[in-house]
Each structure stands twice: as C-alpha cells, then as structure tokens.
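Structures follow.
Both complexes below contain chain A, partnered by chain B and then by chain C.
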Partner chain A sequence: MKFERYGIGIAKGMTVTMRNLLRRRITTQYPEQKLTVSRRTRGNELVWNKEKCTGCATCAKTCPQGVIHIVTSVGEENNYNVEVFEVDTGYCISCGLCVEACPYDALFMAYAFELAKYRRSELVLSRDDMLIENKQASAYFRPEVDKDLPEQELLINRKE
Partner chain B sequence: MQLRTEPFVLNIGPVHPSTHGVFRMRATLDGEVVVDLEPVFGYLHRGIEKLAEERTYGGVIPLTDRLDYVASITNNLAYVLAVEKLAGISVPERAEYIRVITSEMQRIAAHLVSVGSFLNDAGAYFTPFLYMYRERENIVDLFDMLCGQRLLYSYMRIGGVSQDLPDEFLPALRKFIPHMRTRIDEYDWLLKENEILLARAKGVGILPRETAINIGASGPVLRGCGVKWDIRKADPYSVYDRFEFDIPTGIQGDCYDRYRVRVEEMRQSLRIIEQAVEQIPPGEVRSDVPQLVRPPAGEAYAHVEGATGEVGFHVVSDGSIAPYRCHIRAPSLMNLTALKDMIVGWKIQDLILIFGSFAITMGEVDR
Partner chain C sequence: MVGPNITVDALRHLAPVAPDWPGNEWWHWLVFTVILIVFILVMVIIFIYLERRIIAWFAARIGPNRTGPFGFFQNIAAALKLLLKEGVNPTNADILIFWLAPIVNFAPVIAVFAVVPFQNGALLADLNVGILFVIAIGSISTIGVFMAGWSSGNKYSMLGAMRMIAAVVSYEIPVVLALAGVVVLAGSLSLNDIVIAQERVPFIVLQPLGFLLLFVGGCAEINRSPFDLMEADSELVAGFHTEYSGIKWAMFFLGEFGEMVVMSTLIATLFLGGWQGPGLPPWLWLLIKIFIVDFIMIWTRATLPRVRIDQLMALAWKFMFPLALVNLIITAIQVLAWPDALPLYVIPINWAITVVLVLLGSKLFKLGWGRVEV
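For the complex of A and B:
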C-alpha cells in the first residue's frame, strides 16, 4: 500500500494529544485521595446486625461458594442463639446473594475494600468482626440506608 | 551459494501481552511468514459448566459473570433467559427495558476494550487504549451505581433484575449519551483514515464469507465479512423488536472491517439506549419468583447477541433445584476456529494484529 496522505495522521494525532494535554486531570492519586464509591457498593466483607439476626441460616444456604458457617443453639424463649457466625472472605466472591436472601434484613454488604492480609486464616471473619456498630454498611438491597450515605463521584460529572 | 533453511517453531504465549489472556499459539515460520499455526488453549479452564450442575439456578448467575469478563451483563442475560424459558417465568416490562439498557451499555464498554487493544496490537502503544478506557470508565461508574461492582455485575435475576435503577442513574446516562457520541466522532477523526492503521489493517487477515458462515462465526467477526446477521434482529429477545437500529456490516472481512463494525455498533447501541431511556415505563423490576426455582423437567436454549457474538445457554432440567446440564455456547471459541485459515500466509507481525482483531476473551474460550 502506498503512503498517499503522509503526515496528516501525525498532525491529527498531535492535535488530540494537545487537546488532552490542556484539559483538567481526571485521575486521582489513589492511596492519598479516594473517590466516594457507589452507595450500593459490594465490598470485601459483610456487616451483621446482631439484634435482627434470628439464626435461620438462609444466607448460608444461599451462598454459592458455601463460605458462611453458622452454629446455633436453642435459647430460653424458643429462639435460636447464634453461637458461631463465620465468613471466609478469602473464598467469598462478593455476589451479594446472601444479603438478598436474608429475610430479616440482618446482613449487609460493606464499604471496606482494602483488606489485604498476610495469612489466609486472618481472612475468616468472626461474628465480632462484622458487627454493624463498627462498620459502614452499604445500601445494596437495603434501600432504607440509602439516604444516609454520601453520593457517588462520577467521572461524567467531573469538570473538563 | 545455496543456504540450507528449515522451518522455525515459535511459541507465542501463554503469558504474552498480545494474546489477550492465557492463550498459546504454536506458529511454524518460514522466515517471517507463518506456514502453520496451532492454537493451544485450556489454561484458564475452571469447569464452569460442571460447577453449574452443583449450584441452585440462582447461584449460577455469579459464575456466568466469569465467562466473558469484559461483558458480564450479556452472559447474565443469556443464562436468565434460558432459565425463564425453561420455567415459563414472565418478566415485568420495566425490567425488560433495564435489561436492554444495561446490555447496550455493556456492548459499548466491551467494544471500547476490543478496539483499544486492537489498536495496541497495531502498534499505537497505549495512547488510543487509554482514551478508550477513559470513556469506558463512565460506563463502569454507572454499573457501580447500579449494582455495586465494576466488573462482575451479577445484575440479572431469574424473573427480572436485582434492583431498580437508582434515582441519579437516568440523568447521568442522559448526560453520557451525547458525550459518548462526540467522543466516538473524535476518535474516528483521529483513527479512521490514519495512514498507518490503513496500511497495517486494510486487506490483512481476510476471512471469506463462506468460511465464516461454515465455522459458525458470529458477532463483529461475521458481520465484518458482510453477513447481516444479528440475534437482536434475527431472533429478537427481550424488547429489542421495539427499537430502531441498523446492523453495520463490513465489505471484505479484513481486520479494518472488523474494527469499523465495532465502532459503528457503538453508535447503534447509543441509539438503542436513547430510545429505551425515553420509553422506559415505571413499575416492578422483578416478578414473584421463589428463591429456589424448580423448573419442570426439560431443556431450553436461549441466545443473545453478546459483544463477541452469539452467547447461548442450553440448560437441561431434571426437576430439581440445580441444572442437570448447562452448556455454554462461547462465541470467542467458535470465532477462534477461523484463526489458522486467516493467519497462514501472513507475516508474524500481522499474526498479532489478526489475532487482536478477533477480540477474544479467554475466560469464555476455556470456560
């Protein structure tokens, strides 16, 4: 193939490059600056409401990976006491099906995403690690908490 | 003086930046010219079809994300359509529109990745790629707002979609459509008549029309050969019969045509989104489906037009809560069967470009 229009491509390419050189930066310096993620974000862990949970284990049955482990005992008022509630986040795929399945709105997805650990055993969350009092729950399948959460920063709304 | 020559076997991959995943090509070279090619795959085999047999119908949805991971939504959609067909479940109108909107957004996002990496393979090292990724970021942002993740959405559910659109979704999408149009025009102005791209891609890697049809190619690879075949028109699913759009086709089936088909398809997708956003009705997004779906014994096949071609799921039920068999028709695998015919006779530099123009995803090829 002959080069018939030699040079035009370079001129056009440089125009686009200059246009992009003079616009505002759209990236953020990640570890120092963080963008606000979606309200429905599905982070790397689960948040658990101890008061609402009845120990029905629907979440454990729904989990496609089988990473939720629940042991219950029968309490005085003919209820279940949750003895063990463990989630192995090393195998969790954050699909959110457990949160969707929970009939008592006791399980939430979380905002946390920087949860690298040195050992696999540290990735197993016990019931005290997931208490809602200490964690930020997301609004995934929980529209009632949607209004309290900060709005997501979108690239489309960024000034150019 | 006569020199003694012999063919040289070159292994490209499995870990190589231009094989788009863990794909290996065993190329036999005569000088620079490829005389034989043997594709080797299976490095990413995770046994998704087998895993699906041990899960409930709802629990398979996260697995389907992991097939074509740059176009998760269309995989979700093909699977839930197959199960809905099997169990006779109807879908609310609003959910159908949301399915169309998200599928078309996903098509744009996947084509941006394919076009970007194709230009990468053509030697425009990472400059157009990052422009494409910047536009893709807008779509990924919207998906994050919709379902909380940026890559593996698991958004479709049997009988609808998982959640309704958030209030700020449609305004952001309305803002995105004209923005994306101007950007596609800008990149077309930059790339469409670029003399290097024309010299590298035009007339290179021609796939004859008959071969494409015979091997069962689909998607932009087939349409690049000039065959007007699109599942959205040929066998309309969801509510695609309500929208006006064209099927872009190529002329001779070379790398340049496949690239052009992808760019034109992005324009058509924007057209569909625009119409769907106008027409979307209020209402429910999910019909009343029990958590454990038990379809009657039987089988069903449903297919959708994915970013790489016809994504199909053949689900067989024996009346229990888990599929008895779940076969996946992976368009990337079907398209790959044309690889040898197209590459033999071209030089090794063209090999990378021709392979890049397929835009395969290894997650789907190996399953």
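For the complex of A and C:
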C-alpha cells in the first residue's frame, strides 16, 4: 500500500519547503558582503617572490598561452638578474601551470576580487605589480602556506 | 409636457425611483468604486511582491531587496519597464479582439470585489445573489483568454487557450459544488449573510472537505502551480499570451494576480469567517485572512511539482467531482436534520467523513483504466 498517494507525500513535501523557509539564506550580497574564498583558490592573478626567483624562466616555457615575458642578464655571482618579468593577464587562462612548474617556489596564485581594468595595456602585470609583499598569496599547489590563511566562509555555516 | 399648475413637489413624485446607492448619495458609489479599484491594484502589487519574496525564502534565497525599502518598489520598476516596452501586433492578429482580450480578462476581477464585505454591511452592492455574481462574473475572464488565443493568429496560442479553458471549465464544477455546500449551510447567497452565519464557527471547521475542494479547485482555476501547465514557464512559451508584449501583457499578468486576490478573498470570506474576529477591526481581519490564504498558495507553489494534462483532468472529474457531490448531499442532509443550527458534534463527524472520502477517492483514483501510473 503506497501511502504517498493519500496526501502524505504532499505533507512531507510541505514540511521540506517549510524547513527551507526557516533556514539561513544562502545568497551572498556581493558588493557589501565579501566572503573569504577557498584557501587554495587559483584566484585570477599571480604573485611573485623576488628573493626566490632565479630567473630560470621555467614558468615562461610551461605557459600554454605564452604570456609570461622574462628577460634576464648575467649577474656577478654567476646568477641571473631578472630585468623584465611581465604577465599579460588578458591572455592568461589561470591554469596554474607556471606555479606548478616553478622549481624554487617563487610563483603563487593569489586571492583577488575586482581586477577589471579599463584598458588592455593595464592587464599586463609588471614585476612591481606582482610583488609578494603587497599581495595575499593563496595555497594553490603550495600546501605549506595553507595553515596561515583564513578558512573558507559560507553563509550557510556562518553563525551571527 | 408639464403644465404650469403642477408644483415642484409633485414633480419629485414623477421622478423615477432612485437606485439604491450606498448612503443614498450617488457620489458615495463613485468614491467607493474608485477606492475599491485602487485597493485591488495595491493588493495585486503586494501579492506579486509577496510571491517573489516568499518563493525566494522557500528556496533559501533573499528575493528582490534592492529597489526601495525591502525591495518593495521592484514591481513598480517592473511595471514602468512594461509600460515603456513596444507593444508588438502580429501580422495575422485580429487587432480589435487582440486589444480587447486583456481588458476582458482583467475587468471581471475588479467587478467581483463589489460584493465582498469588509465589515458588516460594508460592501459596494449587497446582492442577494452574491456568490452567483462572483461565479458568473469570474468566469468571464475565461472568455478573455479565448479571445487572446484566437486573435493572436498563432496555432500555439490557440492550443494554449483551449487547454486553459478545458481546465478552467472542468474545475468550475467542483468549485461551484463546494460553494453550494456553503450556501446550504448559511441559507443565503449573499456574501455578507454568509459571513454573519459564521459567527459561531468558521465554515472551514464545519466543512473541511468543502474548503479542500475550493482551495484545490481555485488554484487550478486561476492557473496556480501545481496546475499551471497551460502557461508553464519552463516548458512552454506562455500559452495563450505568447504574442502579447508591453502593457497588454502586463494586463494579463495583472489579471492573473488579480484572480489570485479574488480567490484568496473568496476563500477567506466563505471558509475562514471573513471580517469576523476578536479585537482587531473587521477589515484588518479580512486582510490578515487573505494573506494567510495567499501564503498557503505560495507554499504549495514552492512545494508541488507540476501535474500532467491527463492527471489534471482526471483529478477534476474522477476525484473532486464525486467528492464535491457527496459533500453537498451530506451537508444538505445535516441541514435538514438540524434546521435551526448545526450542533457542534457534527464537526468531528464531518472531519471523519472528509478523511474517509479522501482516502477512498485516492484508493479508487486511476488513470487510463489503471494502465497509467498516477
């Protein structure tokens, strides 16, 4: 005997929707309310550690879009000086291969909102735009950074 | 030609009998009509707002909250947008009927409110055939739908209109029979007398089956979900008002929500005791009851999935029609047995009858001689 047919199914469904009515809302009111995104987010920009970079240009070779432009000169202590390091984020597909390829942990993905620009030329990030001192690096492919970052926030879990 | 020796006093006797204006002044009628129309339009705006907001809450969303306080002006912005849009006339359309259809669809909705009492005697026209008026005038909206479907010159609009008329006409029968039960109980067709008759207990307590039938049938008649398959947003292109745009489309939208206001008011008046209630002023009680019914309608819309066309027709003819007949007969027998006033111990009897009938009806409910899954 299927009791679902005698209106019990309807009553069950009504309680389900009523429970949803009394639940916390899950819509984020974006411009006013910015939630912390995942700690391992790819974000949409790059962060560069000037001290760790050796100028090996592995990132430039891995980039499937070929948007990383790096120019080096030979230094005095048998090293490279990075003269130019530019990323055209207009063509970047945020694949993160450059971060994965970097043998010296010098490149990171980053937390970033609202990176829209008015001109194409502004999309090209120079080495000063990417300095790690000014940005919040994310833990994408760098789990060791993970513990210092804030935990991801969802409205449904939030207690206030 | 009036002779010179006839006085002004005598002339007054010759004048035709003045119509029964409320308050014996013709301008009362004018003022209250305007107030009532404004009331309906405001109620429609509030209903649309509540619909969007509460549906959003049921989906754990927030709903419109940007325009004005709590997003209340969102509908006014939407109405302005619709007013400024181009009204497209299809090449094949029968232009006169195409233009008339939205008016024919919406005007009856306003007319129905003439007989709804907001307080004892506070109604535009205390017709002694009140419910008959509501049913007769309310059904005219359907003609507007058919005019729209026909005059669009589009076979899909026509099909949508025909499906809608099939559903509305089918559900008219159980709705009218459920209303007849109320009329038998109250002993009057006037809505004011029916409300007065509910002084002891609202009719929802005495007639749970009638309430259920009126609610389900009413939802189907005004094309509320889960019976909205004639204009299912996610499946069809709107049914009969496919070809409409701009202000004419807005009129249909207004008519749809106006019918919702009418149905909520009707259920509140006939089954929930209308303006009766302790403490608060009567008109406020009526409003509260209207909004309660509206909330339940939105709740069912948020919950129940859409039915198929065969399920829709079978529900009307095989489930609700017999139940409505049995309900009417039982009510009539009870009223004959206790002609003065029904004793309170019929309440549990009626509830038991309702449960048994609904269980029996569901047990016997079959589609396609039992070959089709319900």
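To be clear about the criterion, the second predicted complex is superposed on the first by the 131 of 160 C-alpha atoms of A that agree within 3 Å, B and C clash if a C-alpha of one lies under 4 Å from a C-alpha of the other, contacts with A are read in each partner's own complex, and residues count from 1 in each chain.
To be clear about the criterion, a residue touches a chain if its C-beta (ideal position, glycine included) is under 8 Å from a C-beta of that chain, and two chains touch if they have at least 3 such contacts.
Note that the structure is a prediction, hence the values are computed from the model and not measured.
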Touching partner for A:78 - first (chain B), second (chain C), both, neither: neither
Touched partner set for A:13, first chain B, second chain C, both or neither: both
First (chain B), second (chain C), both or neither touched by A:33: neither
Contacts of A:154 with chain B and chain C, given as first, second, both or neither: first
Chain B versus chain C as contact partner of A:23, first or second or both or neither: second
Superposed model, chain A: greater residue contact from chain B or chain C: B
First (chain B), second (chain C), both or neither touched by A:134: neither
Set of chain A residues, in rising order, touched by both chain B and chain C: 5-6, 13, 16-17, 20, 26
Residues of chain C defined as touching chain A within the complex: 54, 57-62, 65, 299-300, 302-304, 358-359, 362-363, 365, 374
Chain A residues within the chain C interface of the complex: 5-7, 10, 13-14, 16-18, 20-21, 23-27, 29
Chain B-facing residues of chain A, complex: 1, 3-6, 8-9, 12-13, 16-17, 20, 26, 37-42, 62, 64, 93-97, 100-101, 109, 138, 140-141, 146, 151-152, 154-157
Chain A-touching residues of chain B, taken from the complex the two chains share: 55-56, 58-63, 127, 131, 134, 137-138, 141-142, 144-149, 152, 154, 162-163, 166, 168, 172, 175-176, 179, 186, 189-190, 193-196, 198-199, 202-203, 291
